[in-house]
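Structures given as structure tokens follow.
Both complexes below contain chain A, partnered by chain B and then by chain C.
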Partner chain A sequence: MSNYLGNYSLYIALIASVYLIFKSYLDANSENKYLDKNFILITSIQTVMITVSFFSLVAAFVISDFSNETVFNNSHTLKPLFYKVSGTWGNHEGSLLLWLLVLSIFLFIFLLNSRSQDTKYKLLTILFQQIIISGFLVFILLTSNPFKMLYPIPSEGLGLNPILQDPALAIHPPILYLGYVGTSIIFSASLASMISGNIGDKWARHIKKWVLVSWVFLTIGILLGSIWAYYELGWGGFWFWDPVENVSLMPWFCLTALLHTVIVLQKRNSFKEWTIILSITTFSLSMSGTFLVRSGILNSIHTFANDPSRGLYILSFLFILILMSILIFFFNQNKISNIAKENFILSKETAILVNNWFMMFFLSVVLVGTIYPIFLEVLNGSKISVGPPFYNNLLIPFLIPFLIFMSFGPSLKWIKDKLKKLNYNILIIFLVSLLISYVILTKTENSFLLSIPLIVLSIYLLLVTIKDFFVSKSSISQKISHFGFSLLITSILLNGLFSNEFNSNMKVGDERIFNEKVVKLKEVNVTDVDNYKSLKASFEVTNKNSSFALYPEVRIYQQPLTITSEADIKTTLFSDNFLVFNILKDDGYYNVRYQYKPLMIWIWISTIFIGFGGLLSIIRKNEQKY
Partner chain B sequence: MFKIINLVLFLYFTFNISYANETNTKVDQITKNLRCLICQGQSVYDSQSDFAISMKLVVKKKINEGKEDKEIYDYLKNKYGEWIVYDPELNRNTFLLWSIPLILFVFGGLLIVRKVSIK
Partner chain C sequence: MSKNIKFLGLLLTLIIIFIILLKGLNVSKDYSNEKLKNKIDFSLNAKKLFSDEIINISDLFDKNSPSVVNIWASWCAPCREEHQFLMKLKDMNINIIGINYKDSQKNAKNFLSSLGNPYSEVITDNDGTKSIEFGAIGVPETFIISGKTNEIIKKYIGPLTNENLLEIKKFIKENV
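Our next item is the complex of A and B:
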């Protein structure tokens, strides 16, 4: 029943989409002053239809309706309800349906929110957004229909990959998608404003909200994925430069650049073309992300579909969209009215250009590192791996000038600022950060060539951003996000410098001494839980005169047969103690990995600060001041 | 000209190797840099698969034989192809990989200089 409902509502949504494409195209060419009421009506019908379709899939998952192939492939009756629901988007078909749902809801909200905008502009935005929506609808119906029926109906499903059965991961995809899909509105709106010729400060103020919304969701989505990888994959890192992680980071760099550029457009009415280029690029990167993840080209833990026809479809669709936007850009470039404005070297505009310059560089490193191996393999068959050393080598040296720019860029004035006389506050802050860094660096042996300037500068930036809370005139949201960023960089650097670990094979009763700590494996208990078998180890870590216990776990799932390691982490404000173990074939021995990770929690907290700044900027009405 | 750039890049990246951070033993350091060929995006160090376990033994054996890091990497590359190392070396195949971002950075810098009047 829910299969038919879900399936047919998608067809109705497609009909609505086709109607809206033609209607908006025709109306955009006529000189209608008002938006036809039908637009809101048809768009709401479409949104409702897609919502119905999505929830009929959720329902099929909840009641374990195995006549549905997607449910059969990805669910199981023994699974807890929460993961039955999140299983809806834990697979290729369902996650595309979620993409589609967000696409249509965002368009609907956009229409409600832009009543004061020019009619032609709104019509064109509907047109482009509907082109994207119809592309996804056709894609879902042709290659990835989540409502395919099975007959005879199987009595049990195959189960959801256990490493995906996790609260952080259950909400990670929807949040990330809200970010990805938000960029579609920015894309459609900037193409529309290009054609209708209304790019300017007013448009910037209107689109900035969407930029912020996508950026906040993307930031938090990436954070959740990172937290999940940290404790679930059992590697103890927070970023692995895995291609699929990179794919989410790329639009983030672009969106961050856009977020800053849009402010220049709003305040100074310049950088118009650049804003449009960034909007198009951001969305293309989000789409390519989907393409790369869904096509199975990437060798990654995230890949859950290996179907070339799907990849080909998304690739062609992406190609058409990009080609379309390039054509629109070139044919409408003359409509952009640019009053030649001088950019002075000491001004906020230039500072933002510099920010964009670095964002584009970081983006290019990640982009090239991610796709170069694919191209190389296609071109001459040689397979290479691009891993953390590549990214570290290219990104870390550039952090030094970036941190310097960031320490003074945000406090520059618009148009033209003067070179101030040496400010004693700044000098004192710099000396203090030198002193702090000295104390920190004497405590570690493994310092590398660049660690000294990096630590000094990141602490300097941290102190400057704290100082800015009291003296700077810029908005509170900017202060919070910039403070979050400097805290993030400082935490990452100190975490990298002071982390240490050991990796050893132990059996019950064994002890290992490591950095004045004694790690003892006391016992391993085997129990049967809901849908898996659990091996819970009990470790005792004794540090001088205090001791604490850690209980990492190995889970053996039956449907499908998978072994996962659940790390146990003792988190304090200063450090994480991370312990994970694995079963070895040799009888009685377990592979134990213990890691000491200082300031780990601050990496998460600082990212929340970054996102919170953005959130504040969305909800505060008088953000226009700075 | 090409040779000079190559040399500069080479010197730069050899210096940077010094921050292949904090690993305690050499085996860890090397295996972190190796891809577990049968896993999905995991390093040999992170994996407990049969392949990874035997790779760790191979690396250990080579270190005990007194082999230098580079010799071990070369040996593994000969045996399994370049795919096994996470740190792509600078050669004809990867020249663009290393240089595209740097070229773009220079290009971007020039654009900004053109756009900004220095007064």
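Our next item is the complex of A and C:
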């Protein structure tokens, strides 16, 4: 029942999409002054249909309707309700349906929010957005239909990967998708404004909201993914430069650049072409992310689950969109009116341009690291793996100039600023940060020459961003985000510098001494829980005069047979104590990994600050002043 | 003029990237054909689908010519798709051994009686462990296994195609 409902509503949505494409194309060429009422009506019908389709899939998951192939492959009657629901988007078909849902809802919100905009511009935005929507609809219906029927109906499902049964991961994809899909509106709107020739401060103010919305969701989405990797994968890190992580980071760099450029467009009415290029690139990167993850081109071991036609379809669709946008860009470039303005080296515009250069550099490093292995394999068949050393070596040295620019860029004035006489505040802050860094660096042995300027500058930037709360005239949301960013960099650096770990095989009763701490394995309890068998270990960590207990767990799931390690982490404001264990062969020994990670929680908190700044900027009305 | 050059340059770059990624799609598909295991453990015991009798799997293989092993299930839609090709293989007098993966006996028997039985023998794999012994990662999968050396000669992940069919036929005729 829900299979038919979900399937047919998708077809209706496709018909609506085709109608809207033709109608908006025709109307955009006629000189109609007002937007036809039908547009809102048909768009809402389409949104409702896709919503119905999505919720019929959710319903099929909730009632464990195994006549549906997607449910059968990804669910199980024993699974808790929460994970049955989140299982809806935990797989290829369902996640595409979620993409589609967000696409149509965003277009609907866009229409409601842009009443004051020019009609032709709105029509063209609908046109481009509907091209994207119809592309995804056809993709879903042709290659990844979530409503395929199975007969005979199996009595039990194949279960969801237990690694994916985690609250952070359950909400991570939807949040990330909100960010990805938000960029589609930016893409459609910038192409539309290119053709209708309304790029300028007014358009910038209108599109800035969407840039912020996408950026906030993308930031939080990446954060959740990182938290999941830290707590669930049990590797003890928060970022692994895994290709799948990288594809979410690339649009983030681009979007961050766009976020700054759009402010220049709004204030100074310049950087018009650059804004459009960034908008197009951001969306292309979001789409490429989908292509790289979904086609199996990256995770070759998963290709068996993928239909080869899927990769081909997304690749072709992606390139048609890019080609379309390049054509539109080149043939409408003359419509952009650029009044020649004098640019001064010492101005906010230049500072933002420098920010953009850095973002583009970071982006290209990550892009090369992610794509190059694929290229190389095609070109000469050799397989290389690009790991953290590549990214660290290329990115970290460039943080030094980046931090310097970030410490004074935001406080520069628009148009032209003067070099002031030596500012005593700045000098004092710099000396204080030198002092703090000296104290910090004497406590560690593994300090490299490179880490000295990094630590000094990150602490300097942290102090400057704190000072800015009291003296700078810029907006509060910018202050919060910049403070969050400097806190993030400082936490990451100190975390990297002071983290240490030991790895050892232990049996019950064993003790290991590590950095003046005693780690003892007291016991291991075996119990049967819902859908898995649990081995819970009890460790005691004694540190001089205090001691605390840690209870890591190993879970053995039956459907499908998977063994996962749940780390136990004791988190304080200063440090995380991370302990994870694994089963070895049946000789009573367990492999134990203990890690001491300082300031871990500040990495999450600072990212929340970054996102919160953006959120504040969306909801505050008088933000436009700055 | 310079605008046109920029445009053409961009277009050309785009086309090259497109071609490389397109090729990349095929390259990574070849990956999954890498064998996870080279040899089959012939001491394995399994239950027959039709007679419930437990046999040693080495008895199923023809010592003098390679055999085809196919892992399938009645609930698996691609298995239904490839079924016609298996019937063709059977008509060519090729020995096909079926492994029925995580299935109910009733459904499996219904599947074979309604569509035809291409297998010389079907063994059941209720918990999926037998398929793991073959290095399989899903259904359907098809193997060519040498009866003499119990080596996996070739492995196909996913439903068989007409091309695969010809390849299997050619290979077996050459190695009898």
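Following the convention adopted for this analysis, the second predicted complex is superposed on the first by the 618 of 626 C-alpha atoms of A that agree within 3 Å, B and C clash if a C-alpha of one lies under 4 Å from a C-alpha of the other, contacts with A are read in each partner's own complex, and residues count from 1 in each chain.
The working rule: a contact is a pair of C-beta atoms (placed from the backbone, for glycine too) under 8 Å apart; a residue touches a chain by one contact, two chains touch by 3 or more.
Keep in mind that this is a model prediction, so the values were computed, not measured.
After aligning the two structures on chain A, examine chain B and chain C and state clash or fit.
They fit side by side.
Should A:499 be classified as contacting the first partner (chain B), the second (chain C), both, or neither?
First partner only, chain B.
Touch test for A:389: chain B only (first), chain C only (second), both, or neither?
So A:389 only meets chain B here.
Angle at chain A, chain B to chain C, CA centres, as a multiple of 10°?
70
Per the contact definition in the header, classify A:353: touching chain B only (first), chain C only (second), both, or neither.
Touch partner of A:353: chain B, not chain C.
Which partner, chain B or chain C, touches the larger number of chain A residues?
B
Once the shared chain is lined up, is A:591 touching chain B (first), chain C (second), both, or neither of them?
After superposition on chain A, A:591 lies in contact with chain B alone.
Using the touch definition from the top, say if A:242 reaches chain B (first), chain C (second), both or neither.
So A:242 only meets chain B here.
Look at A:449 in the shared chain and tell me whether it touches chain B only, chain C only, both, or neither; answer first, second, both or neither.
Once the two structures are laid over each other on A, A:449 reaches chain B alone.
Should A:345 be classified as contacting the first partner (chain B), the second (chain C), both, or neither?
A:345 contacts chain B only, not chain C.
Looking at the overlay, does A:374 come into contact with chain B only (first), chain C only (second), both, or neither?
Touch status of A:374: second partner only.
With the superposition applied, I'd like the minimum CA-CA separation between chain B and chain C in Å.
The answer is 9 Å, the least C-alpha separation in the overlay.
Residue overlap on chain A between the chain B contact set and the chain C contact set?
300-301, 303.
Once bound in the complex, which stretches of chain A touch chain C?
Going through chain A, the ones touching chain C are 69, 72, 148, 150, 152, 154-155, 158, 291, 295-298, 300-301, 303-305, 308, 311-312, 315, 319, 322-323, 326, 330, 333, 374-375, 377-379, 560-561.
Give the list of chain C residues in touch with chain A in this complex.
Those in contact with chain A are residues 3, 6-7, 10-11, 14, 18, 20-29, 31-32, 74-75, 77, 102, 104, 107, 110, 128, 137-138, 157-158.
Residues of chain B touching chain A in their complex?
Within the complex, chain B touches chain A at residues 13, 15-16, 18-22, 24, 28, 33, 35, 40-43, 45-46, 48, 81-88, 93-94, 96-98, 100-102, 104-105, 108-109, 112, 115-119.
Flag every residue of chain A that touches chain B in the complex, lowest number first.
234-235, 240, 242-243, 299-301, 303, 342-345, 350, 353-354, 357, 360-361, 364-365, 368-369, 372, 376, 380, 382-390, 392-394, 396-398, 446, 448-451, 496-497, 499-503, 582, 584, 591
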